Amino acid sequence: MLAEHMTWIEYRDKVKHSVVILPMGAFEQHGPHLPLNVDVIIPTSFANLVAAKVDGMVLPPVTYGYKSQPTSGGGPLFPGTTSLDGDTLTHFILDILRDTYRHGGRKFLLLNGHYENVAFATEAVDLFLREAKDVKIVILSWWEQVPDELVPELFEGAGFPGWDTEHAGITETSLMLFFAPELVRKDKIIDDQAARIPKYAIFPPSKDIIPASGVLYKATYASLEKGEIICKQVTDVIVTIVKQEFNARSQ
Amino acid sequence: MLAEHMTWIEYRDKVKHSVVILPMGAFEQHGPHLPLNVDVIIPTSFANLVAAKVDGMVLPPVTYGYKSQPTSGGGPLFPGTTSLDGDTLTHFILDILRDTYRHGGRKFLLLNGHYENVAFATEAVDLFLREAKDVKIVILSWWEQVPDELVPELFEGAGFPGWDTEHAGITETSLMLFFAPELVRKDKIIDDQAARIPKYAIFPPSKDIIPASGVLYKATYASLEKGEIICKQVTDVIVTIVKQEFNARSQ
Amino acid sequence: MLAEHMTWIEYRDKVKHSVVILPMGAFEQHGPHLPLNVDVIIPTSFANLVAAKVDGMVLPPVTYGYKSQPTSGGGPLFPGTTSLDGDTLTHFILDILRDTYRHGGRKFLLLNGHYENVAFATEAVDLFLREAKDVKIVILSWWEQVPDELVPELFEGAGFPGWDTEHAGITETSLMLFFAPELVRKDKIIDDQAARIPKYAIFPPSKDIIPASGVLYKATYASLEKGEIICKQVTDVIVTIVKQEFNARSQ
Amino acid sequence: MLAEHMTWIEYRDKVKHSVVILPMGAFEQHGPHLPLNVDVIIPTSFANLVAAKVDGMVLPPVTYGYKSQPTSGGGPLFPGTTSLDGDTLTHFILDILRDTYRHGGRKFLLLNGHYENVAFATEAVDLFLREAKDVKIVILSWWEQVPDELVPELFEGAGFPGWDTEHAGITETSLMLFFAPELVRKDKIIDDQAARIPKYAIFPPSKDIIPASGVLYKATYASLEKGEIICKQVTDVIVTIVKQEFNARSQ
Amino acid sequence: MLAEHMTWIEYRDKVKHSVVILPMGAFEQHGPHLPLNVDVIIPTSFANLVAAKVDGMVLPPVTYGYKSQPTSGGGPLFPGTTSLDGDTLTHFILDILRDTYRHGGRKFLLLNGHYENVAFATEAVDLFLREAKDVKIVILSWWEQVPDELVPELFEGAGFPGWDTEHAGITETSLMLFFAPELVRKDKIIDDQAARIPKYAIFPPSKDIIPASGVLYKATYASLEKGEIICKQVTDVIVTIVKQEFNARSQ
Amino acid sequence: MLAEHMTWIEYRDKVKHSVVILPMGAFEQHGPHLPLNVDVIIPTSFANLVAAKVDGMVLPPVTYGYKSQPTSGGGPLFPGTTSLDGDTLTHFILDILRDTYRHGGRKFLLLNGHYENVAFATEAVDLFLREAKDVKIVILSWWEQVPDELVPELFEGAGFPGWDTEHAGITETSLMLFFAPELVRKDKIIDDQAARIPKYAIFPPSKDIIPASGVLYKATYASLEKGEIICKQVTDVIVTIVKQEFNARSQ
């Protein structure tokens, strides 16, 4: 399923009928307990699971994303957070879409793991549609596919703060415990949150809207079990979407 | 307060100490009952009210915005919806910030009335901060300043669908009845909504996620009175933000 | 006629057969007696008058234009003068043309009120024509439509300095007295001019080529009556052009 | 004086104190009697003459310019007319200025021979000034330096049509007869002009505003003698400007 | 050493004194026996080995590179080959350098595995140096570090064709057998070459300059042992370069 | 053959069937004995000779090229070396190709004289091919057409250092002695070379990889006779290529 491991001959035979999945991540701080590529690992893991069920093909992911914002990712001042300008990200995605289309790809799923990417991926798709005909493209973010029913269970005891601040918090930490436990510094998992969370953006960021740890919520409520549950349910939701929107068959 | 009505001498004396407000709107369909410039009228009206209370200066607004999306504005296929590429919008805002800074502006409020603008305005601000020192900038959208306590009252009988789909719906129609009643076709006010509202984006858009009228929710629940309440409370919230973030004094 | 006040349904029915007028202005100093948006008010006023006579549609104007030059507008150093980079202006206009074309617009009049805009609007049109077929576009500046016969009358006693330096001078002040008298600071109207007007451009500008007031000629010779005459005759000329070039019918 | 013929050692010693002249031309039709590079030959010839008198240095010229317009150059439809996009020309000039500045150049004369270049050269200079300090730059077009007193003599018998339409006409043909007579097809010199010359621009161009020959005025009134007179007087004017603006000394 | 597996705290402590290595690859056909990401695996493997010896830090690699050319990579027509426009690649690298510099990185090694990337990486570095001071950057391609003495041994029996055509040939196949044997389809290894190899580029490509298999030379001469030798010697060369150019210490 | 000396009528009749040759040079130091435009003179001279034999048409050359690199041209620090950003060069060439195509050109030879231009010219051609159909384009550099058999003779006594460092060395000096002897400072011809020539690029450049004179090899081995031989043989090779690739007939 991983396009990068295919030969060109294997790719050729697959690209034309498969749903082509582009995971979109970032290189961004995720607290003292998670590695900088959480936003790559999570959507790539989902992409692999989905591809396995719908005969999909997974492209090499977007590994550097759009600029982290304070209230959704801690912002640019954390060491490590390394981002692209909006125009760079847009053209990066556009060029990948254009060349994949040239090879016969017509069904695209942009599976996002980094909130700030969405608008610039949308722009890439819009520019792409000026050139490409007979394509269908879906952009989705994994957390928006978490069933509403599951939320109370996941956030029991902690309270649901909204998805915005679920950065390096319960769900991301749980998924990392499930997908890549060797990368989680379990002894460094903490609860944290901003002194205040304004409903507007401030530039340059004020210190009081950013937790010093980079953890935007209560990571100690995370668990491998929660990770497994999210994984299973979100994968199912995405598979359902893919089948519905692309008429993809199950494997 | 309107910079466009000042002479350069009046502007000169004011720009250096005032909060400079840039309303950000769009040229976008708003159903059969509202004009195409709703997203300009509302933030400009708020800007004028806020400026009056904090000795602010209002710049000519952004009148064409980023591309309307189906689930938040009906999307690009409605006649009239006329949008800028992301890069154009970013540089448009950047150029305005740069020149205003050159004249002495140091406190900027980007007061937004069109959801899709936010990411590209954010990029403009980030690029601006590479050049400009000693500035402070706030980006806010008016609907995010509606107090949570007010929501049940506003949506009584209709139910609150989330702000995304509040397009040409209860709050926008109410505010237009208050700010510009002569532009509201009262006999054309209807309730509508999409057959389904997916938690992902589809390109090109499916017909079933777009109401044929362009009204994304129940506009008949709007009223002038609700408009007045929203106006008053949101203005107060924004004034409070401006005072807090910019140390602006009341007039 | 104002597209911004139409609903999308009204716009849809009109855009396909109407001449679509885009007024192009600027945000630029105009002396101690005129507001910063003179270059928006004048072409928008002409656009409205013309549209009324030829069943046209007026788009929201270009409110920030290309960079003011010393000998035609006083230059960038006057507080308030807020301009776009050339490339930004070109893409701003291009995006508007592209989307209006997408909705069915085929006849475009770019009605200009700011000298420095012309080249970048021309570039926008040229880039647009690479994509768009079956369109016709006219770019005109209002002062070039002042009949030659009218010039001696307008400049009697003052002498005609050429259109370049008619900035915040007799014709612009007269038109503002007619179109928007409430915005004219009548007690501040003065005569001024540069110590010298070189036939070349100097960067950065020399002080002696810029009048300190921002008035490039003798504004005291302006009058409401002259404004009315210019208004009537220029409107007639533009209507004639529109009819000739677009086969538009009178209303 | 020609920088292109210098070694780097000669260039190094000269660039810091000299006025650096960049001739700006185009590759554009000039009727049946003149070659496509008229707009390069004329400003380069002036540049050489001026440089000889003020110890200047002449850079390799801009040989492809901005897009020819129908009423000032015949427009893009004439075979041969080969133009740059506005943004390309702006960055071409900007890059040259930037690197010459890096080597010590501080006094720049952009000596133009193609009307349509001016705005994009102006933009290049403005962008350059964002980076460069302690520079002075003059942009001038040679025809604007023709003394007004000389006009009646040059156009005797033909009438002066304004500089716009002096394309492949009396002055350009005269200068070419003087600067490069071997490139003038003397038996092909004709008089021509457009059926009408509108005071606005039409896209795509109408046939009736373009003379079929590409000659926009009466070339038969040209003569080598007129070329010599223009050459001498315009050179003197430019030398005077250079001395005044750059405090350059005579050689 | 892998920055992507660090937390922001680990990254912060390391970025300031380490040599930061950015592997640069591509997504490009490599014959019937090698996967599409050969050009990522090889430089990333070298980067890891080098980093281990000089206390370096390895950034997430460039996974999509510049456009494959027929005589060095088979060209764009092979399915799978998915490339970026030159400007996209340049800004992608520039943005990564800029943000890493912001966090304290001052020593950069761009370790290249795809020939066509070099010029656009060079441009990125040049643009970066306009902003960044006190940095040192080295760009190198792994094959240029193969000691000349090793060439006869590696190509014994096959003949050395020059590095240009060593695409999916002896050295790349050998390195893949050593670095990632599970990705090599050993039964598909073949010898191939173009019918002719012109010393110029042809667009669109002629069929006769491209081997149908995508293998540009004799892959059957590859072996795991050769891969190990190349790996060891090239790693040593790069370590020596890093020590010399960055004064890096051995671990 | 020189398009710049044609009238538009002559151009029109020729462009459609001729091979259109665009010489690509640079403005770059070439030691104490050669002028800054060596890289323009050489390919333009070849272009003229080739055009004469295959009924070609020569466009005005690229006179400013991509940035000189230390090991192939001495680098940016030599006074005089004046270069374009990569994107500027790409669009410069693209715009020329696009407009020549518009006039009927379908066969293009980009004849290069400056090593660093190649990648950006390649990008221009690739972007051009997205728009243009039924074209054929060849990019070649003159030194790659020097027959291998000729190398020992040319470098006898000096040794062949590889083409990279043949900058202002034996072949360029010889060709200049043949093409433009009046521009060669014969008394300044020297031998020089870098203290070391690394197989990687260093930014900013180290002094020890750049000869202080700007001569990268032994120029004293140059001679007019060698220039004549190279000229003749390379011209023949290029003529053969043109005939083969474009089915051009001899004159």
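Some notes on this structure:
Note that the chains take the letters A, B, C, D, E and F in the order they are written out, and that residue 1 is the start of every chain.
In this section, contacts are C-beta pairs under 8 Å (C-beta built on N, C-alpha and C of every residue); 3 or more make two chains touch, one makes a residue touch a chain.
Quantities reported herein were computed from a predicted structural model and do not represent experimental measurements.
Annotation of chain A and chain F: jointly contacted by E, touch as defined at the top.
Seen from the C-alpha centroid of chain F, the farthest chain centroid is that of B. Rounded to a whole number, the gap between the C-alpha centres of chain D and chain F is 28 angstrom.
Note on chain placement: the centre of chain D and the centre of chain E lie 48 Å apart, centres being C-alpha means. Within chain C, residues 76, 85, 87 each touch two or more of the remaining chains. Contacts between chains close into a ring here, every chain touching precisely two others. Read around the assembly ring beginning with chain E and moving next to chain F, the chains appear as E, F, D, C, B, A. Every residue of chain F that touches chain E in the complex is listed here, in rising order: 66-67, 69, 76, 85-87, 90, 116, 118-120, 122-123, 125-127, 129, 135-141, 144-145, 198-204, 241, 245.
Of all the residues in chain D, the ones that touch chain F in their complex are 3-9, 11-12, 15, 27, 29-37, 40, 59-61, 63-64, 76, 78-85, 87-88, 91-92, 95-96, 99-100, 102-104, 183, 185, 188, 214.
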